[in-house]
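Please find the structures below.
Two complexes, one shared chain (chain A), two partners (chain B, chain C).
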Partner chain A sequence: MFWDVTLTLLEGFGGTMKLFVLTLIFALPLGLIISFGSMSRFTPLRWLTQTVVWIVRGSPLLLQILIVYYGPGLMFGLPLLPRFTAALLTFVINYACYFSEIYRGGIQSIPRGQYEAGEVLGMTRSQIFFKVTLLQVIKRIVPPMGNEFITLVKDTALVRVIAVYEIIWMGESFIKKGLIWPLFYTGVFYLVFNGLLTILFGRLEKKLDYFR
Partner chain B sequence: MKKLFALLLAGMMILSLAACGAKKEEPAADSDTAYVKANGKIVVGITDFAPMDYKEEGSDEWIGFDADMAKLFAEYLGVDVEFIEINWDNKAMELETKAIDAVWNGMTLTEEVMKLMGTSEAYCNNGQVVVVNSAVADQYQTAESLSELSFAVENGSAGAEQLDALGLEYTALQTQANALMEVAAGASDACVIDLLMAGAMIGEGTSYPELTYTVQLNSEEYGVGFRVGSDLVDSFNAFWKDAYKDGTVMEVATTYGVQESIIAK
Partner chain C sequence: MAILEVNHIEKHFGATQVLKDISFSLEQGQALSIIGSSGSGKTTLLRCLNFLERPDHGTISVGGKVIFDAADPTTQSEREIRKKRLHFGLVFQNFNLFPQYTALQNVTLARELMAKEHGGESHESILKAGRELLDQMGLADRANHYPHQLSGGQQQRVAIARALALHPDILCFDEPTSALDPELTGEVLKVIRNLADQRTTMIIVTHEMAFARDVADQVIFMDDGFIVEQGDPREVIDHPKEERTRQFLARYAEK
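Let's look at the complex of A and B:
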C-alpha cells in the first residue's frame, strides 16, 4: 500500500519536475533579455518592458494560468493550447519577469568604477559585461535565485486548476478512495527536493567565494 | 546597432500583442456533431466519481455507469471516446473553449448548469443527503435539527444550493470527496453530498465505515452537458431512448448498482 502510493506520487512528482525543469530552461535566459529591456536607454522599450513586468508580477499566477489556457478560446474562439503547454508558457513568462528583476539588481550592484576602468582599457561594452561583470553578478544573485527556485517548485501545484496532473492532484485523487494521508505525504517529496536544492545552492555559493 | 536591436525587440513585442488581439474569422458554430465527427473523437470531461466515472485499482481504463454509456454513445456516433479528468469548477469554460465536448459525470441539472450548457434530458434520479458520524445520527433525522451543525460541501454544488436555501452556513471545498474528508477528520460536523455517492462511498464495508447519511434534502436529476445550442443534445436524447428500449441502459446500470435511480423513457 505504502509502496503503491509512493509510486503513484512519484509519477505525479514527475509532472512537477517536468514543469520545474522546463520553466527554468526557458525562463532563465528570457529573464536576462527582459532585464536588458528594463535597463535599456531606449525609453519606449524600457517603458514597455516595465509595464509587462508590472502586469506579470502584479497579478496572481493562478489567474494568469486560467487566462492563458481559457482566454484564447473564450475571447476569440481560437483553438486552445495543450494544457501542459499553456501551463509552461505561463510559468516561463511569470518567472522570467521575477528573474529579470533579480538580474537587474545584480547587474546594477556592480560599482560604476569597474565599467569606467574597462573603458579606459579600451574594452567594448559587451567585453566588459561578459569578462568583468557577469561572474560577479552570478555570485551576487545566487541567494535570491535560490529563493525563486524553491518558490517555483511549490508554485507548480497551481497548475492543477487547469487539470495538469502533478503531485498534489495525485495526492488528492487518493481521497476519493478513502485515503487521506497520501495528500499530506506529498509534502515529504517537496521537502526532500527543496532540501537538495538548498544544499546545491549552498555549494554553489561556496564555489563562487573566491570573488571576495 | 544597439538601438536597432532595441527597436526590433519592441516591434516584436507589439506584434505578438497584436497577434493576441486578432480575431479569427470563423462562421458561427454550425453542427457540433459534424465537429466531433471531423475530430474522430468525442472528448468527455469527468472527475473521479464512483460509481459514475472511476478507475478499477491498478487499471488505466475509465469505467462506471457514465463512462460505459459514454463509450456506447461514441460508438453510436461512430467516433472514439477520450476521457479527460477536469477541474469541476471550470466545466463550463472547458466546454465553451472546446477543451472538451461533453460533461458527463453525474451532473445535477441545476438552473445554473442549464443556463451555461446545452443539457440532455434527465437520465438518473438523485438527491442531496446529509452525512454525519453514525454515533450522532439519531439526533439529526429532520431538516430542523441541522441548524446546530457545521457543514462542509463542494463549492457550487447542488448540495451548497440546498444549504443556501435552508440559510445554513458552510465551508466550501473543491470536491465532494474533500467534504467527506472534513467530516471524517472532525473538521466539520456534517457534509451534504449526492445520494448516489453516499450509497457507494460511506457506511460499512467502505472507506468511511463510521459515517452514515440521514436527511434527504431534495430530489434532483442527472443530465449530460454539451455546448449551448449544440445538436449533440438531440443525438444524445435519441441515442438514450433507443438504448433504454433495448435494455442496454438497465444492463449497464445493474453492473454498477444504480438501476433503481434510472429514469424510465
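Let's look at the complex of A and C:
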C-alpha cells in the first residue's frame, strides 16, 4: 500500500516539478525584460509595464489560471489551450511580474557611484552592467528570490482548478478510499523539497558573502 | 603649452545655472586646487571635465586639441566621450570601489577590459603594473583584500591607484578626504603630495585649505558658479583681493 501511494504521489510530484522548472526557465529571463520596461525612460512603455505588473500582482493567481484557460474560448470562440500549456503560461506571466519587481529593486539599489566609477574608467554600458553591477544585484536579490521560489513550489497546487495533475490532486484521490495519511505524505514532499531549496539558497548567500 | 584649457563653460540644471562662464588653463605637471563653499559649482566643474555632466556651453581642450565643444555634436557621441574621458581620471569623495573585487582587481579591471577589447597588453603586465601602483600607495600588503576589509584611507588610496592605472593626462580629485575620519586624512594627503612631487598634473577640489596652499601651483576660488579669483595659492589664500574670497576664508578660519 505504502509503495502504491508513494508511486502515485511521485507521479504527481513529477507534474509539480515540471511546472516549477518550466516556469523558472521562462519567467526568470522574462522578468528581467519586464523590469527594464518598468524602468524605461520612455514614459508610455513604463506606464504600460507598470499597469500590467499591477494587474498581475494585484489579482489572484487562481483567477488568472481560470481566465487564461477558459477566457479565449468563451470570449473569442478560440479553441482551448491544452491544460498544462494554459497553466504554464499563467505561471510564467505571473512569476515574471514578481521577479521583475525584485530585479528592479536590486538594480535600483546599486549606488550611482558604481556606474560613474565605471564610466570614468572608460567602460561601456554593457561592461559596467556585466562586470560591475550584475554580481552586486544578484547578491541583493538572492534572499527575496528564495522566497519566491518556495512560494512557487506551493502555488503549483493551484493548477488542479483546471484539472492539471499535481501532487495534491493525487493525494486527494486516496480520500475516496478512506485514507487521510497520503495527504500528510504530500506535505512531506513539499517540506523536503523546500528544505533543499532553503539549503541551496543559503549556500548561494554564503558564497556571495565575501563582499559587501 | 597648457595641457588643459577650459573656455567659457556653462552648465544649467533646469532653471538653475551652476557654472557661469568658467575659463582656466592648467600647465603640464602642475597641481590646481579648487576651493569654495558647497554649492559653489566646484564638484560640477570636475564632473563636466570627466563628462559625468555635459556642459551646455563652452569648450574643453587637452594638449591643444579641442576634445569637447558644446556647439559641435560630433564631439558628444557616446563613443567619442568614452574615448576622450580617458584624458581625465577621477577620484571620488566616496571612493566608489567595486566591492566584489580585491584591491588589485579594482586597479586592473578597466585595463583588462581594454586589453580584451583592443588587444595588446598581457594579463601579466597589467597585474605587474597594478601591483606597482598599489606599492606606490603603500598598499602592497593589501592587494588581495576586499574593499570592506580596508579602512577609508586605504580604500581611497586604492581608488587613486585605480585612477592612475589608465595613465590619465589630468587626475581629478573630488574632495578626496571629506568622507574620511580626521585621523585618516593624513595618509591620503601624503599620497597626493607625493604625486604632486612627481609632477602629476592634478585638479583637486578640497576643503583642506592648508593642503591646497602647500601642494597647489594654482588656486581657483569659486562662488555661486563663478570663478571669483585665481592665481598663486599664497596670493589667493593669504592675500585675497576679492571681498567674497576674504569672507569665505574668514568663515573657514573660524571653524
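Basically, the second predicted complex is superposed on the first by the 212 of 212 C-alpha atoms of A that agree within 3 Å, B and C clash if a C-alpha of one lies under 4 Å from a C-alpha of the other, contacts with A are read in each partner's own complex, and residues count from 1 in each chain.
Basically, a residue touches a chain if its C-beta (ideal position, glycine included) is under 8 Å from a C-beta of that chain, and two chains touch if they have at least 3 such contacts.
The structure presented is a predicted model; accordingly, all values stated were derived computationally and were not measured.
With the C-alpha superposition on chain A as described, chain C and chain B fit side by side in the combined arrangement. Looking at the shared chain after the overlay, A:I180 reaches chain B, while chain C stays out of its contact range. In the overlay built on the shared chain, the residue A:Q136 is in contact with chain C alone; chain B does not reach it. In the superposition on chain A, A:F42 makes contact with chain B only, while chain C stays out of contact range. Shared-chain residue A:W3: touches no atom of chain B or chain C.
More residues of chain A are in touch with B than with the other of chain B and chain C. Of all Cα pairs linking chain B with chain C in the superposition, the shortest spans 12 Å.
Against chain C, the residues of chain A that register as touching in their complex are 111, 113-114, 116-117, 119-124, 127, 131-132, 135-136, 139, 210-212. Against chain A, the residues of chain C that register as touching in their complex are 50-52, 82-83, 85-86, 88-90, 92, 94, 96-101, 109-110, 113-114, 146-148, 162-163, 166. On the side of chain A, the complex with chain B involves touching residues 33, 37, 40, 42, 44-45, 48, 52, 66, 69-70, 72-74, 76-80, 83, 160-163, 165, 172-173, 175-180.
Across the complex, chain B meets chain A through its residues 3, 6-7, 9-10, 13-14, 20, 22-24, 26, 48-50, 54, 84-87, 89-90, 93, 96-99, 174-175, 177-178, 180-181, 184-185, 201, 206-208.
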